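Consider the two complexes below, in which subunit A is the common component and subunit B and subunit C are the respective partners.
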Partner chain A sequence: MSISPIIGTTVLRKDGKDKVTGHAKYGADWNISGQLYGAIFHSPVPHAKILKIDTTKAKAYPGVRCVITGADIGNARFGGFIADQPFLAIGKVRYKGEPVAAIAADTERIAKEALKLIEFEYEELPVVDSIEDAISCKGLVNETWKDYTIFGMAHPVEGTNIMDRFELINGDIEEGFKQADVIVENEFRCGMLQHTVMEPHSAIGDVTDDEITIYAPAQSPFSTRSMLHHALGYPLNKIRIICTEIGGGFGSKAEPKLEMLVAVLSKAARRPVKLVYTRDEEFNATFTRASVLYKIKTGATKDGKLCAQKVQVWWDTGAYGGFGPRVNYNAGYASNGPYFIPNAYTDSYCMVTNHSLGSAYRGFGVSEAAQAYEMQMDEVAKALNMDPVEFRLKNVLRDGSVSVTGETMKSVGVAKCLEAASKNLGWSEMPERWVDEDGKLHGKGIACFIKISGTPSTTSCTVRMNEDGTLLINSASREMGQGVRTVLTQFASSVTGISVDRIMVAQTDTSITPYDKTTTSSRSTFHSGNAVLEASHELVRQVTELVAKKWKCNFEDVHLDPETGMFTCKTDDSLSLDINKIGKSGILKEERPIIAVGKYGTKDIFDPVDEKTHASKRPTIMWMMGAQAAEVAIDMKTGKVEVVHISAAHDVGKAINPLGCIQQVEGGLSMGYGHALLEEMIYENGHLKNGNMVDYKVPTFMDSDFKSSIELVEVAHPEGPYGAKGIGEPVVAPTGAAIANAVSAALGRRIHSIPIKPEKIMFGEEGEYASKI
Partner chain B sequence: MDRKTINVTINGEQYIRNVEVYMTLAEFLREEIGLTGTKIGCNEGECGGCTVIFNGRPVNSCIVLVNEIDGGDVLTIEGMSQDELHPIQEAFLEVGAVQCGFCTPGMVMSAKAILDQNHHPSEAYIRKNMEGNICRCTGYVRIMKGIILAAERMYGKAE
Partner chain C sequence: MLPRFDLYEPKTIAEACALKKEHNGRILAGGTDVVIDMHGGKEFPVIIDIKGIEELETITEDENTITFGALTRHRTIEESVFFKKYYSALWDGCSQVGSVQIRHRGTLGGNICNAVPSADSIGPLQVFDAVCTVASPEGDREVALKDFFIGPKKTILGPDEILKSITIQKLKARSGSCYIKYGRRKAMDLALCGISCMIELDENDTIVKSRWSLTTAAPTSIRNYPPEEYLTGRNIKDVDLDELGKLAVKDAKPRSSWRSSAEFRIALLDEMAKRAYQNALSRALEAKTAPPLMSEETGFNVF
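After this line comes the complex of A and B, so read on.
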């Protein structure tokens, strides 16, 4: 059967007009009548015992309506995997920025003024300020883990700062190393990053003793609803999350934060409360991409085949669990890269520290993992005296290869991506390193990656036909710039023949929209796409029934051509109807509403993982893969790294909306450039030293002057909608590694950590060359 | 609290409001006038999300106090289009310069300020003058394309 031409055709963004005109309503743009304004008193210290919180003066300040502390909430705690996080600190504060008290007042200014009147007395405790501090138990962030409810994959170890451990065991690692002709061992680090979404977090809570209503730019409204239900005991049908437009997510709006604060504050104030974070609060009191330490030992035979790999990982996951265990799991599955390695062992820990919370960040740890194993692969190639691309091509997974978890792989596009990325960079015509006429050192680097999408999970949607024949899709796949809203209309159009400009996607509201697990894991095109396809087929069935009724013919004789949108009748050539004109045909009049339900779930496809080894014949519905190659030029007088060219090739399965895919890659390259060269949250004794947009450097227009070559590789996924796979997170996965490998090639020495700031170039990563300057 | 009566023209309409003197222009637009198209991303003059055109020049409205705008003329994103989109908005849509869209109003306003001054800006000129507008989604590639396309449509190709 031919595929509708709307699939694979660029469709301009459905939400574009509202966004260029300023009409789109993000979190802070919403107001509801009677609302108060919230402000949060954040802990000024990273780790302390709370002695006293006196709110008397703040309560007395004119215009203040309510002040609450942890004592007013009781022992309710929340978390996606382990319920360790209090709404407001109880007994202890565990990071600088932790909410301690909350104020609701008539205006935002009054609320903020009143914050200054809160008296907070505390006794400081030793600060767990690094992964090493956490491992050595310099202090215990949690004296015990026993008090917390565990919902899922968190595996804390009593008496330690270990919140989760993940192991992946395949083959016999000791035997594997015995077969090796070369063994390479290295340590790699990634610094802590901030999502730096342009839209600060915000929420409005309207809560009574019976019902909770939250307005927020939430990526995962159903998961937020579930957390509120578990923590506060309201039944699900009494909790409503109304979603606003999202001004950038990247994972930072995947787990709730302000939603929880306004829920308890509004309940106490008995009024709606609006809370909008400042940029300072964004840096200190939302979420981060955890810093991480990798130790990798790899063995290969002299013919260039990988035979064994041991990967040890420690995440600085911050003070509370959050999505840390999910990062550990996803990155753990990806930790050996897209390679065939017969003997592999990964041992990965989430360490709690007195830092801001490490959470989901565009890839759930996968780009950090790629940075480590791809820097390592270059070192193994070097030890074997092989070209990095050739070495990778010799070892990458192919269709039919067995992965490190025992899965027979299919629809594997990584080799094609490696070939395309290196070819488009001009890899084979370039030396490994050279000096240009200005004296700059040039080098080339390559990196590839593998990423899972969270499995099992469920998505559902409805597609409704309005009286005028237009369609409304109800889906909780949240638009946050990645283009899902547009793609869903293409899917519906491809089945119904209704033009995309007559199909809308409604804003998400958990009391109306059918369940969808979450908008993360690059899952929406795949999962919601499949659900919308199913619903659209059902919708066509319902409409066909009405057409047959009108035409007084058999249902089986009426046929819709989705390419043209024309209904025809097998038994009567004179009958035809354009579905785009059905509204005026009278066919819908006084009939039952046309509402079709679609669902996509992966429970039956998923092979439950072995708890100890994490072996599984199908741990994920969808593997995503790709490769990027970079050329850099380094000014050795300043240490500044200039990215000359990045060539990206990503296997998208099928590019449903090609421009949307390209937009993702372009944005990912810029973000990955920032991770590789600019961005790092710098902590000193638990205090963030650069929590503002001047000192924390995200790429600006001035950093966008590099050549990019983008190729969308299409290796169809058998279960994907028209073969499509995810692209949102993968785009950023290999960029840092490709740049770091290019820098290492240019320098002729290995870089082990990102970001690669000029001082690392000039003085060495440990300052070892400082005395030679 | 000190208050002052401010008389200002916004998008061609006159507004007279008695407000607290330390209110910023961004707050004034969003909360007093109800024009929420102007976005506050950092509230410290670093991200450009709140860019509006004040007396012909682009400003970060989050660091301009209402006191300073009395008697002045402000153009916001809401004033950029009436029945039809402005060529910059149209070009942004067409080339795909928009993703999450939060920075977009500020980008459009800064782009307008550039094109008012320079009808045929070079890429380097655009980069330098747009540096204060941060976007986390697009990598700036298509915002650049959008500005150049708009310039061509408004003022023709450079000689």
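After this line comes the complex of A and C, so read on.
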């Protein structure tokens, strides 16, 4: 069957005009009648026993309606995998920035003034300030794990700072190393990052004894609803999350934060409460990408084949679980890369510390895993005296390869991506390193990756036809810049023939919109795409019935050409109708309305994983793969690394909206550049030193203005909508590793940690990455 | 959310001085530092917005000097081919402040009065022997820019004084200047360190005058005398770059912090001194004649 030309055609972004004209309403743009303004008193210290919180003066301040502390909420805690996080601190504070008290007042100014009147007495405790501190168990962030409810995925170890452990076991690691001719061991680190989304977190809560309504820029409204339900005991159907536009997510809005605070604050105040974080609060009191330590030992035979690999990982997950266990799981599955390794063992830990929460960040740990194993692969190739691309091509998974979890792989595009990325950089014409006329050292680097999408999961949508024949899609796949709103209209158009400008996607509201698990994991095009296709076919069936009725012919004789949108009748050539004009045709008038449901779930495809080994013949619905190659130039006298060129090739299965895909890659390259060279949250004894936009170096447009070559590889996914796979997170997965490998090649010595600061170039990085464990 | 403040908008310098004294008010020029401080919670109960004082925004000249009103914007300098060609260090500095948007708002006077060690325009102004004219009800007084600072974020300005203008000395023929800023990003960044220099050659390629300054290498932007002394009277063929680099960091006292180590900043300044010198030298060798009067220069963007 031919595919409608709207698939694979660049379409103007559905959200574009509203966003560039300032019409889009983000979280902080919303106000509701009678609202109060919230403000949070954050812990000024990273780890302390709470002695006293005196709110008397704050409560007496004119215009203050309510002040609450942890004691007012009881022992309610929340979390996606382990309910360890209190709404407001109870007994202890575990990171600087942790909410201790909350105020609701008539104005924002009054609320912030009243904050100054809260008296907080505490006794400081030793700070667990690093992965090493956490492992040594000299200080315990949680005295016991027993009091917390666990939802499956977290595996804490009593008496330690281990919040989760993930193991992946394949083959016999000891035997594997015996076969090896070369064994390479290394340690790698990635720094802690902030999402630095343009729109800060915000929420409005409107809560009564019976119902909770929240307005927020949430990525995962149904998961937020579920967390509120578990933590506060309201029935699910009495909790409503109304989604605002999202001004940047990248995982920072995947789990609730302010939603939880306004819920309890509004309930106590008995009025709606609005809360908007400042940039300072964003840095200190929201989420981060955890810093991580990798130890990798790899064995290969002298003919260049990987035979064994042991990967040990420690995440600095911060004070509370958050989505840490999911990071551990996803990165754990990715930890051996897109390679055929017959004997592999991964042992990975989430360590809690007195830092801000290390949680979801574009890629859920997969970028960090790729950073580590791809730096390691270069070292293995070097030990074998092989070209890095050639070595990878010799070992990457291909159709029919068996993965480290025992899956027979299909639709594997990584080799094609490696070939395209290296070719577009000019890899084979370049030496490994050279010096230019200005004395700068040049080097080339390559990296590839593999990433799962969370499985099993489900989604649903409705597509309904308005009286004028236009379509409205109700889907909880949240637009946050990645382009899902546009893509969903293309799917609907591809089946119905209705032009995309006559198809709208409604805003998300959990009381109206059908269920979708989350907008994370690069899953929306795939999952919601399939759901919209199903709904669109059903919608066409319903419309066809009406057309047949009007034409007084058999249903089977009426045919819709989705390319042209024309209904024709097999038995009467004189009959035709453009579906784009169906509103005016009168066919719909007083008929039963046209509304269709689409559903998609992966439970039946998923092969439940073994709890110990994590072996599974189908651990994910969709593997995402790609490769990037980089050329850098280094000024050794200033330590500056200039990215000359990045060549990216990503297997998107099928590019539904090609420009949208390319924009994703461009954005990812810029972000990955920041990871590799600039960004890092610097903590000293539990205090964040650079929590502002000057000292935390997000790349500017000027920095991102390097040459990029982007190729979209299309290896169709058998279950994907028109073969499509995800592209949102993968784009950033290999960038840091490609740059670090290019820098290492140029220097002639291995870089082990990111960000690669100029000082590391000039003075080395000893002591900055090597573990003390 | 900004803290509460009273706003005054004087139309004359005298009015501004009086208001400043009466209310211990904070002067707001472009606002690119003051408003950021306020958003960070800093309270300035009285803000005196001087943007309406027109005479502070002019650039004037005579035979020997150019005088910038305190409200001269960085963008004004940046967009001037005249300053780019003849007063390159100043152009180098002004065109690297913040971003285009910030340079449209930020002023020379504001950059000076904010008095942070990383100010991009102060170091370059120092190599042109800049002198500040300070206005008060008692009249104007002149203070060399190098003497204007008494510590980080502290200046010699009295309670009733405001900075009125900055005057630089015109260059002679065979003069060139350069400012090199080291930042981690290509825009929107503060100088991790920076170095400025100006040299003037005679017809035999002997350096007859040299001026140097350092940015983010001490509690304030400082004049840097050791390289000046080394270069003055020396023929360019006798300049040892390694020696120059060492002298250029002799008086530098950068701090070690989580931003970077002092050792790293010293190594950078050493290298940047060599580059700044070479850049200034090539510009000097190209400058066959003294810069013309701004008003005589045609084909340039003249203010």
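Assume the second predicted complex is superposed on the first by the 766 of 773 C-alpha atoms of A that agree within 3 Å, B and C clash if a C-alpha of one lies under 4 Å from a C-alpha of the other, contacts with A are read in each partner's own complex, and residues count from 1 in each chain.
Note that a residue touches a chain if its C-beta (ideal position, glycine included) is under 8 Å from a C-beta of that chain, and two chains touch if they have at least 3 such contacts.
Predicted, not measured: the structure shown is a model, and the values here were computed from it.
Applying the stated contact rule after C-alpha superposition, one finds that A:246 touches subunit B and leaves subunit C untouched.
In the superposition on chain A, contact is made by A:671 with subunit B only, not with subunit C. Contacts of A:763 after superposition on the shared chain: subunit C is touched, whereas subunit B is not. Of the two partner chains, subunit B and subunit C are each touched by A:702. When the shared chain is aligned, subunit C comes close enough to touch A:638, but subunit B does not. By the touch criterion defined above, A:694 lies against subunit B and subunit C together after alignment on the C-alpha atoms of chain A. On subunit A, the patch touched by subunit B and the patch touched by subunit C overlap at residues 109, 693-694, 699-702.
Subunit A meets subunit B in the complex at residues 12-13, 15-26, 28-29, 109, 195-200, 245-250, 278-279, 480-483, 659-660, 662-663, 666-671, 692-694, 698-702, 704-705, 708. Residues of subunit B touching subunit A in their complex: 20, 30, 35-44, 46-47, 49, 76-78, 80-81, 85, 89, 92-94, 96, 98-105, 108, 123, 126-128, 130-144.
Of all residues in subunit C, only 1, 4, 40, 99, 182, 184-190, 258-261, 263-264, 267-268, 271-272 touch subunit A in the complex they form. Residues of subunit A that touch subunit C in their complex: 108-109, 112, 280, 637-639, 678, 682, 684, 689-690, 693-695, 697, 699-703, 757-759, 762-763.
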